[in-house]
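Next up, some structures in structure tokens.
Consider the two complexes below, in which chain A is the common component and chain B and chain C are the respective partners.
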Partner chain A sequence: MPRAVDRAKAATIGEAASQAQYEVLRAGREKVQQSAPRWRRVTDGNPCGFCAMVCSRGPAYRSADAAGQGRRYHAHCGCTVEPFFGDPSTWVPSPDEARFIEAYNASWKPGIDKWDLSDDIGAWLSDPANAVAQEAKASGLDLTGINAAKTTQEIGAELQKVIGTRGNVSGFDGAALDLERTRSAAEQTARMFDRYPEVNADVQVVKLGKPYAQAVGSRDGYDGSMGNLRLQISSAKLGKRSKVDEMFRHDAESGHFHAHGDTDPMSYIVSHEFGHLVDFAGRGQIAGTAPTPMALRVSAIKKQLLSDEGIVNINGREQFEWVKKNVSGYGQSNLDEQVAEAFADVIVNGDRAKPFSRLIHDEYVARLKERRG
Partner chain B sequence: MMPTGSRMDRDDFERALANAADGLIVTDQGADDRLLEALDAIAADAPNPRPELIKAARDAFAG
Partner chain C sequence: MARTPEGKRLTDAHKRAQIRLGALAAALTVENAKRLDVDDLDGTREAWLTTQAAIVEALRRRSEILAEDYLRAFWKAEGIKPSELAELDLKPAREVMAWVVPVIKTRKAKYAAGG
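For the complex of A and B:
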């Protein structure tokens, strides 16, 4: 567990890199009015144990300063403070804040000082088993079986239990598959099935050439039945000798894929492929040569964003460069991949996803909901 | 999805062609918009795509 020296070291790591982010956020922090009777710390979604501890207390602070306004407690700290109006007892924690409260309750013991407590909270939050239990509480999605599986075959069997009759799971029994990488892919697949209930698909670990993964659908159209769509993940990329982590890090650094923070590559890859599956299910961009209503909406969104930047020709070189900047390098392949990259961005980066990604994702979700009635 | 620098080679293209002729749409093959459109047209014409569509796909692959 990190102690004072480690904490001091951690505080300096990335200091320079986080300076720019800090300057941007400081302007917002300074604008916050001082008139609110109570204040709370709001984290950036990936706080250190100390910020999580402060945040877990909710609107308990009588001043912005007491809630840590303008102070960074960890490198890349994006935490801010917010006023809370009204009775503090009416504060309702967000799912993230509920997680910090649970971490606090699990870590607190009589006599513990705040530094040891924040270390213990940080350790609790980074334990995958706690994250799984918390996720089950928040969304009802139970990943306990996948999390506890001891072999990749068991992981496949547990994933099958989670998705039930919405698809057949196969190929998880290969001897060369890496346990943790396969677990990560399976967990994210389960999350995607949970998040997009309109999509039914088989999940297959198969031998592929270059791709990390791919989605397969029938030209006959998506009718929601099993076997109609397939999510295929490369067995080599899931393998024990796979270089997917370093390849993917390089790809993200070069802008080929969206930046993805601490999210592991397999989660990003599965999120991207699910974007394709939702595209199939939504009868969107991927649905065929004759433009569907959804495909036309995708084009309209892109056209509008291009037009906002004075780009008229949606097939010209400027739009190609625009895609690199506003979608990703990989999105330059074709419009299908731009849709899938939009999904990966939203799933991995949430509210920090790029405008194109959020607009496309939300349009698909709205369309699927409409069809569900 | 494909890693940086990966491009569709001849074997990949032949597989893509066979999939399209079976009416299957396969993502992440390294196809650009023009080739993708040609493959889509073949898939829409499955199971017996017209020769001119296959020729168009071969032309698109050849660039």
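For the complex of A and C:
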């Protein structure tokens, strides 16, 4: 059992690290804030009607406080404020903001008060008829061979051609595999290889039992060589009788995954598992030791975002809820799953990915580039 | 905030760079804690605090420089007339980190008493 003084030091240094982080960021933040004349509210991608209404006004606020800095207007509100420089009349709304303005214009009526108006804006935004379908970012990769393949064996052979010597493809020959589902998994796998050229891995369709798929890394760490990492996809989930679409839809609706009704399950699953592979690759030959430098950095980024929302206890219930909102339900499992979910979010949801996902993803990509030199 | 793709790119890059700096501050603080001997808090406090304050001050300056570079580049990319950069008046890092050792001592007493 640790001594009282060791426990006291560990607990206090954790808080000191958070404060050091805050104090450092404060310098840059205040420099920007004190040099900016106008403010606007920016949403977390899933705003309530009120935040959407405030956001739709653009840089109309004279202070960060007036734009609602630090205030949460809805459950799990992750909306923030940003400074705006220059003439406010030159503000050009982003596609999301244009949608909030459209919602505002559709909902405003003479004499309506701001609370009824924000309710109506929220209703307009959540109406599927007004929803903007999110398309996964298209890759410039040539997938013609996989698209044209007429059997699962041909799909496997075409995938092998695309990834070349970066991994061995196997298991794409089961008679029970569903052709289109297998094609979808292969296409997304090819895109991931294209997107992360630092990662080499074998791709295997195998019997896995419960998981949709899994990533396997060597205990000795990643040395960049072929066969060191494996992406394994469940043959049962790719099967003709698989209920993967229904299962995935249920998981997406419940918030277990940060996906939408029209998200292709295999794209999300492969992206998630590839996130684990990038995680392995980013760690280098120190897998199995904890905490790794990357884990420390991810943890620190998370602490910073938590502290921005006033959450101090990074192991408390609030943190747990924060992960569900800012990552996904599955991300609540552990930090490794948060990283993998962040990858799936960025790849599948593109510009609509959550801020945490974007930061984690970019941090890993930077780390991979560093390793490549 | 940005009207131009370059302005947006600069804003995103600045945010990421700042967050990385914050993460570095946290990691260095954990590393620097090795200087603090729990069996000799009074004797090791000064060396720890001096280094800790230097870490925070140095990274604060880097954070400020990042922000200044960002603002200048952003104004240029967006075609905005540059404003005067604000001068910051932050509390010295030594003062803001001074609570750490007293809190360890308080907690030590509390935990030793079964708290």
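Here is the rule we use: the second predicted complex is superposed on the first by the 227 of 373 C-alpha atoms of A that agree within 3 Å, B and C clash if a C-alpha of one lies under 4 Å from a C-alpha of the other, contacts with A are read in each partner's own complex, and residues count from 1 in each chain.
In this text, contacts are C-beta pairs under 8 Å (C-beta built on N, C-alpha and C of every residue); 3 or more make two chains touch, one makes a residue touch a chain.
None of the values given here were measured: they were computed from a predicted structure.
Once chain A of one complex is fitted onto chain A of the other, the partner contacts of A:Gly174 are absent, as it touches neither chain B nor chain C. By the touch criterion stated above, A:Pro93 is placed in contact with neither chain B nor chain C. Note on chain A: of its two partners chain C and chain B, the one contacting more of its residues is C. In the superposed model, A:Gly70 makes contact with neither chain B nor chain C.
Contact with chain B, but none with chain C, is seen for A:Glu337 once the two complexes are overlaid on the shared chain.
The touching residues of chain C, when paired with chain A in their complex, are 1, 3, 11, 14, 16, 18-30, 33, 36, 38-39, 52, 55-56, 59-64, 66-68, 70-71, 74-75, 78-81, 83-86, 88, 90, 93, 96-97, 100, 103-108, 110-112. Taken together, the chain A residues at the contact with chain C in this complex read 3-9, 11-13, 15-32, 34-35, 37, 40, 42, 59, 82-86, 90-92, 293, 296-297, 300-301, 303-304, 359, 362-363. By the touch criterion given at the top, residues 209-220, 247-248, 250-251, 254, 256-257, 269, 272-273, 276, 280, 286, 288-289, 315, 329-330, 333-337, 340 of chain A touch chain B in their complex. Put simply, chain B touches chain A in their complex at residues 1-4, 6, 11-12, 15, 19, 23-33, 36-37, 40-41, 43-44, 46.
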